[in-house]
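Common to both upcoming complexes is subunit A, partnered first by subunit B, then by subunit C.
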Partner chain A sequence: MNSFVIGYYALLIGASCLAAYFKQRQIFLLIFSLTLVSFVTGIVGGAPALRSITIAAGLLALAAGVSYAFREFLIIIAPDGVAKELRTAPLTAAFGMFVIFTYAIAGIFAPVIAPFGEAEVISSAFAPADENMLLGADQLGRDMFSRIIYGARNTVGLALVATSLAFIAGALAGLLAATKGGWFDQFMGRLADVIMSIPSLIFALLILSIFGTSLFVIVIVVALIYSPRVFRLTRAVAGNVVVMDYIEAAKLRGEGTWYLIRKEILPNSTAPLVAEFGLEFCFVFLLIAGLSFLGLGIQPPTADWGSMVRENATLISFGELTPLIPAAAIALLTVAVNFVVDWMLFRSSGLKEV
Partner chain B sequence: MGDILQLVLKRLGLGVVTLLVISILIFFAVELLPGDIAQAVLGQAATPETVAALREKMGLDQPAILRYFQWLGGALTGDFGVSLISGERVTEAISGRFINTLFLACYAAVIAVPISIILGVIVALLRNTLFDRVANVVTLTSISSPEFFLGYILILYLAVKTNYFPAIASLSTDMSFGELLHRTFLPALTLVLVVTAHMMRMTRAAIINLLASPYIEMARLKGVPPWKVIVKHALPNAWAPIINVVALNLAYLITGVVLVEVVFVYPGIGQLLVDAVSKRDFPIVQACCLIFAATFILLNLAADVGSILTNPRLRHPK
Partner chain C sequence: MVPKKDVLLQIKDLRIEGYSDENWIEIVHGVDLTLHKGEVLGLIGESGAGKSTIGLAAMGFARDGCRISGGSIEFDGMELTTTPESDLRALRGSRIAYVAQSAAASFNPAHRIIDQHTEAPIQYRIQKRVEAQEDAMELYHRLRLPNPDEIGFRYPHQVSGGQLQRAMTAMAMACRPDLIIFDEPTTALDVTTQIEVLAAIRDIVDQFNTAAIYITHDLAVVAQMADTIKVLLKGEEVEEAPTEQMLDAPSEDYTKSLWAVRSFKRPQKERPAAADAVPIVSVKNVDAAYGKIQVLDDVSFDIYAGMTVAVVGESGSGKSTTARCITGLLPPTKGEILFNGEALPPRYQDRSKDQLRQAQMIYQMADTALNPKIRISEIIGRPAQFYGGLRGAELKNRVDELLDLIELDPAKFYNRFPPELSGGQKQRIGIARALAAEPTFIICDEVTSALDQLVAEGILKLLDKLQQDLNLAYMFITHDLATVRSIADEVVVMQRGKVVEQGPKEKMFTPPHHPYTDLLLSSVPEMDPNWLTTLLEERGTDSIGEAANV
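Let's look at the complex of A and B:
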């Protein structure tokens, strides 16, 4: 029992008593469950475990603070209508937006931010971090930090392109199927069923084994695998819109299919589609990361998060954290997008729960 | 009962058709190869004579349709042909590994299913409280992490830094069952983490959906005690969504298992598939894909049949 441990428990128990006294149920529950968890981890792991809990709590508080500030910032700079929506955003969504913003900056300005080129060999293999290299060197002596920054551009960029393609193809097919109906609708529906009944990673592996791993093939495969999801959703959403009276009126006016899709159906089904784009991006991003991890994605020397994890995995057996940073970067972006999508789904539609 | 039988049979028929379509897809995808398999195996430098000889040896001079039926017939009797690289019979390469993979998936499922259903129901009952929100954030994070991220974190903290479990899941035949469970604990735990999060969220959504229906409100209003509402009114209708959730996530395990096997160097069929893909060993790729796809479809089928059989409205027709 050193003074840190005593202070730690004193603070937690004091804070929970205060919260209970002032009838702040939620805060009390939070702090007291943290105390209980600390008892268990403290007994198992001793003072170091408690220290890591303190650090984790501090990080959480920091993230919450940043997201709060970022939300207020967005509310001030956004136009009135958007600002009103933003006020309803939970902190998690604000955090998501902040992370996406950071990744976008890192990706767009990668050559300016990164101190070295992505394929530049500057030191010996697995050299430890020094004042030159923030995170040390990778298995060929390239700067880890620079490669992570460039990875934001390559990995996220590839995922964005693939998602956009999947989304455009799926949405167009869905809209066409909903407006045209008939055999086209039936055919596309069955096609989507077949593609969706093969596990996505397995399907991707099959195609990549045949056509080899070029970027073009990856984009096409991913689009092929994930467009049926978009197709189904668009088909369902547009199917509800198509039966409306104003569509009937437009048809009677003699408007063509393309006009109907662009001017009547699309504006009335954007909200779920935007949310689906976010979800789709997460799936695609994870699939591409998985493929690169298996050595079948973006090929070296281009920096890519998935393959960076694999190449530096040997460091993990020496207790090093650095190989996990690219993996954490993947997880963080996916979490962020999911947080934002969660909020949008909740706001836009039937997912409001009782 | 006639109705139910008919529904189930219809669904089974649909499953068989899907499986057939997928076998066609898997077989003919390889036919799309620029040139053909013989050319791809021997490379550009091969003389036309050697290519022709290999073509004949592999039976490539026969029409594709005929070869498809030979392949399908072989697959049904457990014969997937010969590996292009090692010349070993594909069935022999796969069979032992397939059992390992099944073992890993079952291990993960046995831990994950009860935990996630219980937690899912609890979270649904406590919805919109702090506990629910924390669970939401945690499960979302777990879903969003790539499997290899979770796997390496577990390796770092439970194998490298503390030595509780081995980092590499190497198996041998003379291991006791306890030893086996210990060796494969980390890969199983990784799968559990991912699948539990999925299952919890889906169970929660299903239960909340159910609790919002008018007949539950009616039961509450007429004064049925809360536990009785759950057991007598909600549960009979909840089986279908829960069975669905379980089967869908077991199907999800099939995909997750590939990455996890690579991380832990686990001797399963997923690793074999990845190796075969990078070596372009098509008979193995085809066989593995067919097995994975068939398992996936079977589990989906089980989900559908299960939800038909447990649907009280179908079991007691008017």
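Let's look at the complex of A and C:
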């Protein structure tokens, strides 16, 4: 029993007593069950186990605090209408927005933030971290930290372009199919079926090995693979809107297809489409990272998270965690985007109306 | 006087709150209600009066976002506000039953009717499956459903709306409850179907001596069903009295205004006498079909400028299909539509901008007829911009002018979105959108059927005023003969895609009629408590089942 362990339990029990006294039922349950769990882990794992629980709880609290502060910050700087919506955002969504914001800053200002160039060899291979290199060097002696910063720009940027392209193509086709109907609808639907029936990764590998691995080909291939999903969703959402009387009224007024799509259908289907954009972005991002890991994505020396994992994979056998950092960056962004998307899906599903 | 021990339901000072904009707001302000065994109480009031909320509270239930905040609900000696949820669940379905407005939406489409019927008795271990099924068939007999032994084995979509509503009433009776709550059970039905359901409900309530709360906004209906009537307004009781007394001598002003709604009537206009007068719209021998199923058969009628032609008939009679033919959404398979003497292209895509402008449409459901994501100014402004080419200040003036015309304050409504408006206001915006195109002819498709009587009357008066000011011709599609009586000049009666009778209104409302017109006319509930009894006697009791097959 050292002072840390005693302090640890005293804090937990004190907090749960306070929660019980102020009738904060949920907080009490949370803290008290943590206390009980700590008894068990404390006996099994001793003080180090309790330390890691403390660190995890601290990190969580830090993340929650940052998310809360970031949400308040957004509410203050946003215009009134947006601020009202932001107030409904759960902390997870705020956390997601914060992470996306950080990535965006890192990507946009990469040359300013990164201490070295992305292809600059500054040290020996696999040099350990020192005050110059925050995360050590990679297999060619390039600064790992700088490459991660540049990676945000390359990987995320590429995924964004590819998703946007897939989205514009898919959404446009879906809206047209829903509005026009008939043979056009059938044709687009079957075309989407054909593309979706081919396993996506194999399809991408095939096309990339035929046409080479230029950025242009990657973007086109990824857009081609993901646009049918967007098409399906858009067509379904727009299909529900097209049968409304106001669409009939607009048609009888003699409005053209483009007006119908732009003014009448699109404003009524944006919410699920925006949420879908977030989801698609995650898939595209993972696909591009996967292709890079296989050596068919972004080509060296351009920094990219997927290929960084592959190039430094040998380090894992020496018990080093460095190659996992770009992987963690991928995971964190995916989780963050999903948090935000969850919130948007919740809003668009109309559950909040209850 | 009924002895006190017979009291089944006693509600005292009931208060219910609803959650909106992060606040609890009281929506029912202390309503008292006493119901004896075997008694039928009618609850009436416009939408938002709290009728359904009180009806549900009688089961100890509050909708999501609502809570019972005060008062007591005593059912047969049990205090429902403090009874735990598990006991309430045992009560609901077995001793208190609920019949919802739309049976079509309340039945689960994936299960057979009889399986849903027998679920409660089996669940509560009152009957075994076989017994419960036999009992269900017995109830179907009593409710005079066609093929009572077989109908329960169909799926909900395989029977008609009126039959489904009767099956739902049978289902409510499955456990022989002491109390049934009917929440607008006939509002969604045609007049001819409504009669069957009303008669069936009344019979079964009589036979089993069940108490009932009958919620509706239709006075004539409640007059047939209830022993006592309670009038509600904005969550407060206006008055309560036995039915006869309530109908003959209502004491409150609000009740009198409800009673007076149906009195709006305007003089009938005559067709222009000149022999060479050309009708605005002339439907000539039109046939139309959905796929291979023919829905219109040789339909012909004329509409002259400044006149209102009402097209009546039950659902499925082809009223709306005729409108679709005129607007060009459904090209006729035979015949033609003349506009000012000129034949219109059958498909709307082939019509000129000016032809489209002249004929406008107002829809039944203002909710789906206005794009919820577009501001009022643009909804009304778009036709003016599209047809008239108005821009900037000119456009704004025109929109203001139109808002004035429909009696809404431009300053208040200009920048709003449709979901922020009430039902009546939305319907007015729908009218303004039609007027913005400066048409000569407007099709009104059941424009008042989704609205409360007071609001509906306002809309009818507005339409009438606009007709006089702008010399518009209306084609008024409706199944409500009260509306026809108040606004029409000429009437076209349709049945199964054919015009069975047409002529000036006065002539249509005086006998002799075509048998179908007669059926329609006699099916409109009247404000006489004995109307249903008399009517059924005249028709002979067996006609209930046949009414649907006429």
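Note that in this section the second predicted complex is superposed on the first by the 299 of 354 C-alpha atoms of A that agree within 3 Å, B and C clash if a C-alpha of one lies under 4 Å from a C-alpha of the other, contacts with A are read in each partner's own complex, and residues count from 1 in each chain.
Definition applied: contacts are C-beta pairs under 8 Å (C-beta built on N, C-alpha and C of every residue); 3 or more make two chains touch, one makes a residue touch a chain.
Note that the structure is predicted; figures quoted are calculated from it, not measured.
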{"item": "Superposed partners subunit B and subunit C on subunit A - clash or fit", "value": "fit"}
{"item": "Partner chain(s) touched by A:267 [first = subunit B, second = subunit C, both, neither]", "value": "second"}
{"item": "Per-residue contact with subunit A, leading partner among subunit C and subunit B", "value": "B"}
{"item": "Contacts of A:338 with subunit B and subunit C, given as first, second, both or neither", "value": "first"}
{"item": "Contacts of A:198 with subunit B and subunit C, given as first, second, both or neither", "value": "first"}
{"item": "Which superposed partner A:245 touches (first subunit B, second subunit C, both, neither)", "value": "second"}
{"item": "Partner chain(s) touched by A:29 [first = subunit B, second = subunit C, both, neither]", "value": "first"}
{"item": "Computed vertex angle (subunit A) for partners subunit B and subunit C, CA, steps of 10°", "value": "90"}
{"item": "Partner chain(s) touched by A:124 [first = subunit B, second = subunit C, both, neither]", "value": "neither"}
{"item": "First (subunit B), second (subunit C), both or neither touched by A:2", "value": "neither"}
{"item": "Closest approach of subunit C to subunit B (Cα atoms, Å)", "value": "5"}
{"item": "Where subunit A meets both subunit C and subunit B, residue numbers", "value": "354"}
{"item": "Residues of subunit A touching subunit C in the complex", "value": "244-246, 248-249, 251-255, 263-264, 267-268, 354"}
{"item": "Contact footprint of subunit A on subunit C as seen in their complex", "value": "64-65, 327-329, 348, 351, 353, 356, 360-361, 363, 365, 368-374, 382-383, 386-387, 433, 437"}
{"item": "For the subunit A and subunit B complex, residues of the former touching the latter", "value": "26, 29-30, 92, 193-194, 197-203, 205-211, 282, 286, 289-290, 293-296, 306, 309-310, 313, 316-319, 321, 323-324, 327-328, 330-331, 334-335, 337-339, 342, 353-354"}
{"item": "Subunit B - residues contacting subunit A, complex", "value": "18, 21-22, 25-26, 29-30, 32-33, 127-131, 136-137, 140-141, 143-149, 152-153, 155-156, 160-161, 167, 208, 211-212, 251, 254-255, 258-259, 262, 273-274, 276-278, 280, 282, 285-286, 288-289, 292-293, 296-297, 300"}
